[in-house]
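There are structures below to look over.
You will see two complexes here that share chain A, one where it goes with chain B and one where it goes with chain C.
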Partner chain A sequence: MAAATCTLLEFQGTGKTFGAVRALEGVSLAFHAGECLGLIGHNGAGKSTLMQVLAGTLAPDQGAMLVGGQDLRHRYNVRLAREHGIRCVFQELSLCPNLSVAENTRLMCAGLAGWGWRARARRAIAEQLQAIFPGHGIHPDDIVADLPIGQRQMVEIARAFVCEGEPLQLVILDEPTSSLDAGVAAQLLRFVRRFVEGGGSIVLISHILGEMLSTCDRIAVMRDGKVVQVRPAADFTHTSLVECMGHAAKAAEEHRTFVSRRHGTPVVDTCPARQGDGQCVRAYPGEIVGLAGLAGHGQSQLLLQVLRQRVRGRQGVALVAGDRQSDGVFPLWSIAQNISVASLAQLRRGGLIDPGAERALANEWQARMGIRTPSMDQPIVALSGGNQQKALFARALATPHPLILMDDPMRGVDVGTKRDVYATLAAEAAKGRTFLWYTTELEELQYCDHVYVFRDGQAVLDVPRSELTEALILRGSFQEHSA
Partner chain B sequence: MSTLRVSFSAKPWLWSFIAAVLIWLATIAFTGGQGAGGLLSSALGFSAFFVIVGLGQLFVITTGPGNIDLSIPANIALCGALGMKLMAGDAGLIAPALLAVLVAGVAIGCFNYGLIRLLRIPPIIATLSASFILQSLAIAYGRSVRIQPPPLFYEFCTGRLLGVPYLALAVSLLTAAMAVVLARTRYGRWVLAIGQNARAAELAGGRVGRIRFATYVLSAVFAALCGVLLAGFSGGASLAMGEEYLLASIAVVVIGGTSVAGGFSNVPGLWGAALFLYLLVSMLNTFGASAGIRLICTGVIIIAVIIAVSARQQGGRR
Partner chain C sequence: MNASNPLPLAATQRPAPRERARLLRSALPGVSLAVLLVAIFIMQPRAMSYLGLNLMLNLAVPIALATMAQMLIITVNDLDLSLGSFISFVACVAATVLGPHPWLGSLALLGCIAVYAALGALVHGRNLPAIVVTLGMSFIWMGAAILLLPSPGGAAPAWLQGLVRIKTPLLPLAIFVCMGIALLMHAFLARSTLGVILRGAGGNPQAIGRRGWSLLRIKAGLYGLAGTFGVLSGLFLVGLTTSADANIALRYTLLSIAGVILGGGEFVGGRVSAVGAVLGALTLVLAGSLLSFLHISPDWQIGAQGAILILVLALRAGVNRLEARP
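Moving on to the complex of A and B:
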C-alpha cells in the first residue's frame, strides 16, 4: 500500500501483564500516516489495553515502541504521546459537565492559553464541529451538562481534532458512534476518510462491522491479548471477521447432554428498558441464564432492573457484584459481617441478630467457598481480591433467595477460584436455584443453560446451550450495519 | 504496654472518658477538692441532654458523608414550647403531651426527609431551611407567657437518686438500647452499611431510601424529646434554649469517636464526649476565664480533638 510509506509508531513484540493476567502478548503492529486502522476483538481481547499503551496511560513491560526508529518504551507517557501528535477519544466521556464547550476545549489544549483564550477556544471548537458535523446545533458557550449524550460525544470527538500550535497525527476513536444517530455517525466516518486522505492517521474501534469494513484501510483482529490477523479491509467480509475473532479449535467442543429447564413459570420475565421488539429475558427455576455481548451493552442495567423490581416486591434476590470496590465490599467491616449482611433476617432470634448464628454462617461459608483467612473476624480489606470475591459469592449464596444475579463477577479472579465457583454454581442450580449471569468471558457461557446476547441495550439473540456457538455470539455482539 | 494499646484500640470510646476524668481532676485540684461530687452530678444531668440529641445525630452522621441534621435546635425550641403548652401545668396531661411531642418529632423528621428526597436538596441545606420554618413556628406558637411545667414533670427532670439525676439514668438506658439497635438489629446494620457504601448496600438488597428516612425521623424524635425534657428541667420553654445544641450534637458524636465519613460509630463515646464538653466549660468557669476566653478554648479544644481523632483513624486504616 502506498500509504504505508510513513510509519508514525510501531509496536514490536509489545506485552503487558497485570499480575497473572497477560493482557497483551507479543503485539507487533504499525501505525501509518494517511491510513485508518481498524481494531476489532471480543471482550478482553486486549483492544483497550493496547490503546491505553498507545495513548501513554499504561506502560508496557515487554517489547519495543519505535518512534522514528527509536525505542521509546521506557520513557513513553501521556505527555510524550501528545508531543508526537497522538490523541485519544475514549468511550467514557471525559468532558467536565459543569464547564462550557469552549472551556472544555481549553482543558485539553495547552496552546489555548494567555489573553483572549476564551475567544480562540470558541472559534477553534466551532470550526472543528462545523468541519466534522455540519449542522450540529452546538454553541461553544453551551454547558456540557445541558447537552444530550449524542452532542456531548460530538464535542468530545471534535475537541480531539482541535490543534492550536500542537502536532496532530493520530487519533484513537474508541466506539465513537455508539451514542450517535445514523446520520451523524455517517458524517463522522466521512470526516475520518477526509482526515486520513489529508495525511492523518486514525485508529477506529467499533462493534458495527459495516462501518469498520467501509471506513478502514486495514483491520487488525485481536484475540487473547494477541493480534491474530492484520489485513487490508478489502480482504475481509463480515463472516471472515467474525471467524477471526473466535477460537476455531473451540468450535468442535462437545456439549454435555443438554436438558432444557424451560418449563413452569419463569422466575424472571423482564424486558430490557431499551428493548424495541418485545423480546424478554426469561429464567426458569434451576436454570443458569447467561447474558453475553460486548461489555457495557445493557447487561448490568438489566440486572439492576430485575434487582430493583424484586426488592420492591419483597421477592428474594441477591446479587454478586463484579466491581468489588464500588458495588460490593463494605470496607470497614469484617469478612463475617460482609457475608451476613444480606441474610440478617434469617439470623435473628427474638428480634435481635444472634452473634452465634452469625459466626456459624460465616464459618460454614468459609469452608464452602474456601476463603483463605485465619479468622472470619479479620477486616475484609485484608483479603486478596480473589478471596474478597469469594466472600461476595458467599454473601449471595448464603441467602435463602431463589434468584441470584451475577454482574460479571469473575473479573480479576484466578483460575483455581473460578473453577471452585463454577462447581458451586452448578450444585446450587441443581438444587433449584436460578442464576442470571452477565459475563464478558465467552468460555463461561458454556456453563449456562440459556444465553441472551446483548447489543445496544437490547437482547438481540436468544439461544439454548445446545445451539450455542462462539461464532453465533460474536455475530450477535457485532452489528452488521449501522442502524 | 502493647496489651494496653490493644484494649484501647478495641474500645476507642475510652479516650473521651479519660479526657473527661482528666478535666474533672484538674478542676477539683484547683478548688482543693471542694464540690467534686456536685460537679459530677450536674455534669451527668446536663450531659444527658447532649446525649439524647447526640444519639439521633450519630445515626444520621453514620449514614454517610453529607448526612447531618441541623434542625435540632429549632426542633428543641418548638417541641419544648409545644410540650409545656399542652401540659398546661397539669400533671394529668403529661402523658398525652409527651405523646403529642413525639408525634411532632415524627412529623418534623418526615418533613426533613421529604425536603431531601422529594426536592433533592442536600441534607445540610434541607435541615437548615427546615429549622428556619420550625423556629418561626416556635416564635408564633410560644409567644404567650412562659408556662411552668407540672410539678411532677419538673420533679422527674431535676430529681436525683443518690446524686445521680433520674434523667441521666433514663438516658443511659436509652443509650444502651440504641447501642443494641445499631449492632444487633437489621436497621442498625443497614445504617452502618449505607454509611460505608450506599451503592453496595442497595445492591446487597438494602432499602436505602427507607433506612435514611427512618434515621431522619429518629433524629427528629430524639430532638423533640430533648426539647420537652429541657423545658421541664429549666422550668419552662424558651426560644433560645436549643441554640447550643447545634454544635454540641455534632461535637459529642465526633469527639465520641464516630467517623465523620460515616459507616463507623461509637455509641458509648457519646457519654464521654458530653461529660468532657460540660466539664471543660465548668473548668474554664472555675479558672475564672471570661465568656470570650471560654468560647475560644472550647472551640480550639474541639478542633484539636477532631484532628487527633481523624489522624488516629487514618493511621489505623493504613
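Moving on to the complex of A and C:
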C-alpha cells in the first residue's frame, strides 16, 4: 500500500469544542482512495464527532480540512461532502419508516428524478442489495416500518452505495454490523474489501476487534479527542489495540484499602434480559456498583429493568437521569420543586404539601450539594448544566430510598461539580445506601466497589475494584471475534 | 445463527400475512364507504339516482377539500384547529368583497394563503406546538369573519354559484370533483419525488434535515398548500349556499381531522393517503344521510357519527394488530 495513493481528504489539526468539552483536539488524519481505514476508541474518544465533521453535519472550529489541496473548513457542509462523494451510514438509522425502500433511496439520491424515477430507484436499490447481501429477502416496495431491524440496517447500508450519476468515493460505516447476524455481517465485510479494491474508500467503526483487524488496511486509535496511533492493521494485534486505547502511562492510582462489601443479601440481583449464561448483576448494601462498556450495550436497559422490578414490588428506588433535558428536569418548575418532587410523600401534611418542610428540604440540599444559586425559588433552567445535575442528584438523594440508579449522569458536567458529587456519593454509600452507576467515563469506575462490563446487552465481566484495570475494561468492551 | 440458511430466500417472497394485513388496511376506507352506500341504497332505493346522489353529496366537495388541507398539515405531524374558522372567514370574504371588488377579494384570499405559509414557518422556526398556534389563529379568523359579516347574509358572486352548479353527465359534479382531487393529490404525494420528501419530513425530520433539505421551506410550503385548499373549500361552500355566516364551517375542523384518520392517516409519522382521506370525508358526509334515513333525530346525529367513527377506528386497530403479529 503506497503512501502516495490519491488522498481524498485530510484533517490537519482539526478541533471541535462543545462548551467546556473538547470533543476533538488537533486531529490530523488523511483518507486515501483504495483503502479501508479503521477507527477505534472507547466512549467519548471522539470517533462519532470526527465522523460527523467528515460527513459535514458538524462544523469544526479549528485547524484545516484539505480537499484536493484546498482548505474548505469554513464552507464544508453536507452538500459539499456529498459533491465530493463522501457518504455516511450513521449508527442511528436515518431511514424514513413511513416510506418504501425505493422511496428512501430517492431521498438519498438526487439523481433519481423525472419520469420513471420509481422504476429506476427500485432497480438501483435492488441491484445494490443484491451486490452486498445476496439473498437478502427485501422487496423495493416494502415499507421500512414493516422490516425487522436487521433488514433496515441492510437497506441503510445498500442505499449509501447507490450512485445514480453522483460521485461515490468514501463511505463511513459506523458500527454497521451491530444489528446484522454473523452471516450477513461477513457478506458486508467481503463487500467492503471488494469496494476498496475497486478504488473506493471506507471508514469503518466497530467494537469487534477481529472484524477491524481482518478488514481494515490502516487503523487509527482515538483517545480523549485525539488520534493517538495510526498504523497499518497488520502491525496491530488484539492486545496492542486494546493497549493503545488506554492511557499508556497510568498515573499511580491511589490504592485505598479495599474492603469488599459483598455479604448479606444483595439489594439488586438481576440478570440482563439478553444474558445467556445466567450471570447476574448484584449490588450489596453500601456498595457502589459500576456498569461499564461502550455506550448503548444494554446498561440503560438493565437500569430500567431494575427500576421496573423495584417499582412493581413497591420497594423504594430513585433514578438520576443522564439526559437532563428529556428525562430529568421539569423546566417550568423552580429548583426547590425539582428537588422535592421525589419526596412528596414525606412532605405531606393533611393531604397537602407543607411549604415549610419543602423549603427546609430544598435549603438542606442546597447546602449539601453546593448548588450555586441566590435562591432555590428560581427556575431550574436558570442554573448552569452542572448545577442542574446537582439538583437532580439532590432529588434522588433526598428520598429515603436505599437504592439509587444513575444513568450516565455526568455527561457534559464540569470537573468541579464531578468532584463534589463523588464525595457526596462516597458519604452516602458509607451510610449504607446502594448505588448502581452506569458511566461512560473510565475514570469514574475507580469510585466503584464492583464493576460489570457490558457488551451486546450482556454483562461479560464481573470485577471487584481490587482487580480493576483500564485494560481489563477495554478488553471486555471490545469483542475479539465476531460471533 | 443456526445450521439452516440464515436468510430468507428469494427476494420476491414476502411474508404473506404482513402483506395481507397491509392490503386490508389500505382497503378499509373504501370498504367502509361501500358498506355505508349499500346500507343507504337498501333502505332508500330512490337515493340510487342522479338526484339522490346529488342531494346526499351536495356538501361533500367543501368537506373533501378541507380534509385535503388537514391532511397536508398532518403529513408533518401537526394539527390545524383553525381550519373551520378559516374556511368560514374565506366564505365571508367571498360573500362580501369578492363580488363587488374582484381584485381586492382575490388579493385578500392570496393574503390568507400567505398567512398560512407564515404560520408554518412560525411553527417550525420557533418550535411551537401547532395545536396552540392554530387554536389561537381560530379566534383571529372567527373575529375577522364577524367583523366582516356581523349577521348572516352577503351574496356569492354569480360566476361562483354557476361554477359549482354545473350539471355533469352520468354522475353529479361532486363525484367528479372528489375523484379529481383524490387522484391529483395521490399523484403529488405518493408518486412525485417532492411528495416523497414531504412525507419523509413527517416520518423522520432529522434525516431529511441532515440530507440538506430545508425543513422550514417544507413546512411553510405544506401550510401554504393547506391554506390554498382551505380557500378552495370556502369558495365552493359559499357557491353552494349562496350566502355566508361567520359560523358556517366551524364543524369542518373536526370533520376534516376525522376524515383524514378514517382514510387511514395517522397523527404522527407522515402516514397519510390522499385517496383514503377523500373516501373518509365522503363516509362522514354519507353517515349523516344514513342517520337521517334511520329517522335518528338530529339531536343524536353527532353522537351517532362519533359511534361510526369509533367503529371504523376499532376495525383499523384490529388490522394493525394483525399487521404487528410476526
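We adopt the following convention: the second predicted complex is superposed on the first by the 478 of 483 C-alpha atoms of A that agree within 3 Å, B and C clash if a C-alpha of one lies under 4 Å from a C-alpha of the other, contacts with A are read in each partner's own complex, and residues count from 1 in each chain.
Keep this in mind: a contact is a pair of C-beta atoms (placed from the backbone, for glycine too) under 8 Å apart; a residue touches a chain by one contact, two chains touch by 3 or more.
Only a predicted model underlies this, so the values are computations on that prediction, with no experimental measurement involved.
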{"item": "Touching partner for A:Pro232 - first (chain B), second (chain C), both, neither", "value": "neither"}
{"item": "Partner chain in contact with A:Thr57 - chain B first, chain C second, else both or neither", "value": "second"}
{"item": "Partner chain(s) touched by A:Leu344 [first = chain B, second = chain C, both, neither]", "value": "first"}
{"item": "Touched partner set for A:Gly135, first chain B, second chain C, both or neither", "value": "second"}
{"item": "Which superposed partner A:Pro167 touches (first chain B, second chain C, both, neither)", "value": "neither"}
{"item": "Contact breadth on chain A, by residue count: chain C or chain B", "value": "C"}
{"item": "Contacts of A:Gly276 with chain B and chain C, given as first, second, both or neither", "value": "neither"}
{"item": "Residues on chain A engaged by chain C in the complex (per definition of touch)", "value": "57, 77-79, 82, 94-99, 103-104, 106-108, 112-113, 117-118, 126, 129-130, 133, 135-139, 142-143, 145-146, 181-184"}
{"item": "Complex contact set, residues of chain B against chain A", "value": "180, 183-186, 189-190, 192-193, 196-197, 199-201, 203-207, 259, 263-264"}
{"item": "Chain C residues within the chain A interface of the complex", "value": "1, 5-14, 18, 22, 191, 193, 196-197, 199-200, 202-204, 206-208, 210-212, 269-271, 323"}
{"item": "Sites on chain A touched by chain B in the complex", "value": "304, 307, 311, 317-319, 321, 326-333, 337, 341-342, 344-345, 348, 351-353, 355, 395, 399"}
